[in-house]
Amino acid sequence: MAEPIGSSCLAVNGLVTGYDARNVLTGVSLSLNSGELVTVVGPNGHGKTTLLRAISGLLPVRKGSVSLNGRAISGLPAHRVAANGVIHVPQGDLLFAGMSVLENLLMGAYLDSDQVAVARRLDEVFSLLPKLAERRTQIAASLSGGERRMVGIGRGLMMKGSVMLIDEPSLGLAPIVIEQIYDVIARLKASGRTILLVEENPARVADIADRIHLLDNGAFVWSGEPAVLLQRDELLATYLGG
Amino acid sequence: MKRQDFAHLMIGLVVLAAAVALPFYVDSRYVIGQVTLGLFYAIVASQWNLLFGFAGVFSLAQMALFGFGGYATAMLCFYFGMNVWAAMPLAAAATVLFSLVIGAACLRLSGAYTALLTLAVAQVMYLLIVTDTDCFIMVGTQCRQFTGGAVGFARFGDLGTRAMFKTKYLVANYALVVILFTATMLFTWAIIRGPIGLAFRALRDNPGCAMARGISRFQMQLLVFGLSAFFTGLAGGLYAAHFNAIGPGVLSFSQLFFIIAMVVVGGIGRLWGPLVGAIVLVAADEAMREIGEFRSLGLGVIIAAVMVLMPNGLIGLCENIWDRLRRLRTRSPALAAEVSGDTPA
Amino acid sequence: MDIIGPVLVSGMTTGALYALATLGLSLVWGSLGMLNMAHGTLLTLGGYAAFTAASQLGWPVPVAVLAAAAVGGLIGALIFMLVAYPLSRRNPETFETTIMIATFGVALTLENIVLRLYGGQPLGQPLTVGGSISLGRFVLPWQNLVIIIAAIALMAATALFLARTKAGRAIRATAQNPDAAKLLGVPVARVYLQVLILSGMLAGVCGVLVSSITQLSPSLGADPMLKAFIMCVVAGLGNLPGAIITSFALALVEALVQFLAGARWGFPALLAIVILVLIRRPGGLFGRVEMRRL
């Protein structure tokens, strides 16, 4: 990450995408500077996951563009986007259920053939998420929801990349576990990572997000600082139900 | 009457007219014989299309049902001295029962499992017949196996057309097959349009909603297994009676896939797909007879290539071209009114 | 009892062959959700390739076996590139059934090419070992022992490859969750290609083994493939260890039935077992009811 601070790391421009005949996103633009944490909030089913899937190439972009560190990545297949440095921690973790924790983490380093570097990153992940070190031989299918989320994040951290997309890390977890997960995310931001985070509840990201985009019906209806959004009761009531 | 029904009716009448006209214009016994054979294939293919194309059940036991009908007819005549005409409907009913049993075994299975199980059933039937060597009865000095063994049954009785029409009997048999084919198509059409067809469309398009409305996938699937077996079994019986012989050859792998190829080439899930496929493949088969040795090879290439390049078959291809032409027309505003005029509200 | 020896020898030998045939089939199903109807033909091609290499070109035995693997792998690759890949891209929803039909077309084509090239009459596979070891009344022909050992060695090598290597891990990961694998940079299409090559190579060698105790004929692979289908269904499609255990168990049952009731009842007995298992467990003994697609 030799990019100077403040330069645009990930830029999405007028993105249109969807499934079958229907467009789910009707023109979304955002940009992330290096070291920033930007959050997309919005009600269920309005296209947050779709946005991340389009950025990482799982879903074809119909119009608009995505670029990473100045290079266009829209149109590339997902594995090439990953090779370019986009880390995507998907909604629902999508772990390799039949593999151990360690194997799941090692899959994260699939693109890296430097064994020493992989071992070093594995140590880093274990020190950030010590629970994974204890469970390294356990099969992923038998983990608890919180542990799975940590494997998902840990697997992402095993990748080399310049921007991290995290999709609803709090989904389906108990409040205390959510706190632990957000603690980890805050530390990731503190360590200088660039993160695009999807979340349903803006209050959770108030302390860590540099900006919030409010997604409704396939487009951003409001963008700004989290503190401001939390003051705007009418926005919260209209789009997020209170 | 809906537009689509009208189209199907018109096509049906044209096909029927052509079938009736054929013996008046063609004298060759060979051609009549091949067309008869093609119609048998088309009947079986249309019933497999009902099962797979409309109900989505990938069964590989269709030729086994056909063979079952044929063998049941032959055995009823052979062992009980029954008249062929009495034996055929009985055999068809037995085929329905047989198919229901297979259907019940496949009920909860997904696509690939259904395919493998039905294939195994067909293959076991074939092997048991071919390897049957135990004497069941003696005919003269010859030993007969219960299932007819590798040679099958012959001369168990015929349709009576030989006695009545003498040398013209082939045309009479052809007429019988045309009648059976017509009945099969009417039956298929009625099912597709009727409640069962609707239920399957609902199950395919929105399974959750369909089930909430009380459509039971299991019941419907079993029903289709039974229904599609009736005309298949009847065709098997008529086939046996027409040739006055039936052997294990009808159960072979290549016969089965000849049928499947017809549906694929014609168009899966299209009412007329099997007929189109039967015509094209029987014609191609005839053409490839010239180059003799490459028949099966050509068939294999056709199946694979059509599946990859033209998954909706010839009819699907025509639909595509038709659609594109229509869209071209609609694009020019002057003609738009005319187009909207002939689409019913 | 005098039947125990022969039943064990014949059951273990066919079990090893079924297991090897099943392994390739199951690997492809587990990764791509594709039932390769041309798998049996890959066995046939392997058998003929070894025959050509050994008796017509005079190559040494190991090279002939490698040639069989190479031909199987090559055809496997072609099946993926020309048939499976375009079909899955065009319509993933119907892939499960369309691929069966298409690969059957491939099988028909290849089988007829073999028929054209070599004729329909059975040929003897030159790669055979004579003699036998006898331990009391127990007679074990060397040929059978070679088959059992070779099959088990190949299965062990495949298992090691899948468990221990990076490529093997990527194959398993892709089978378990293709989307996640893509996000981590795994070129999924290439992994599928590798799976088909691997499966084709296993099938090729399996064909050599099968032909070494029977004879070469264009329909050589049909019977092992049908049996492999049965093993897969009983075990649960895509479950590798389950498929191997099932192969040996059912082969022993088949051998026993054949000795007790006559050869023609072996297959019906297997079918009866399949139906009983499936009525109880529609996803097979070791399988879950699930669908996986490309």
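Order of writing sets the labels: A, B and C. Residues in every chain begin at 1.
Criterion: contacts are C-beta pairs under 8 Å (C-beta built on N, C-alpha and C of every residue); 3 or more make two chains touch, one makes a residue touch a chain.
The shown structure was predicted, so the numbers you read here are calculated from the model rather than taken from an experiment.
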Original post:
Any idea which two chains share the most contacting C-beta pairs?
Top reply: B-C
Subject >> Chain centroid nearest the full-protein CA centroid >> reply: C
Original post:
Counting in whole Å, what is the centre-to-centre distance of chain B and chain C, each centre being its mean C-alpha position?
Top reply: 32
**OP:** Take the average of all CA coordinates in chain A, do the same for chain C, and state the distance between these two points in whole angstrom.
**Re:** 42
Original post:
If you average the CA atoms of chain A and of chain B, how far apart do the two points sit, in angstrom?
Top reply: 54
Original post:
Using the touch rule from the top of the page, what residues of chain A touch 2 or more other chains?
Top reply: none
Subject >> Of chain C, residues touching chain B in the complex >> reply: 29, 35, 82-83, 86-87, 90-91, 94, 96-98, 100-113, 116, 222, 226, 229-230, 232-233, 237, 263-264, 267-268, 270-271, 274-275, 278-279, 282, 284, 289, 291
**OP:** Would you mind writing out the residues of chain C in touch with chain A in their complex?
**Re:** 166, 169-170, 172-173, 176-177, 179-188
Original post:
In their complex, what parts of chain A are in touch with chain C?
Top reply: 56-58, 77-79, 82-83, 88, 90, 94-99, 103, 106-108, 110-111, 155, 159
**OP:** Within their complex, state which residues of chain B touch chain C.
**Re:** 52, 58, 105, 108-113, 115-117, 119-121, 123-124, 127-128, 131-132, 253-254, 257, 260-261, 264, 293-294, 296-297, 299-305, 307-308, 311
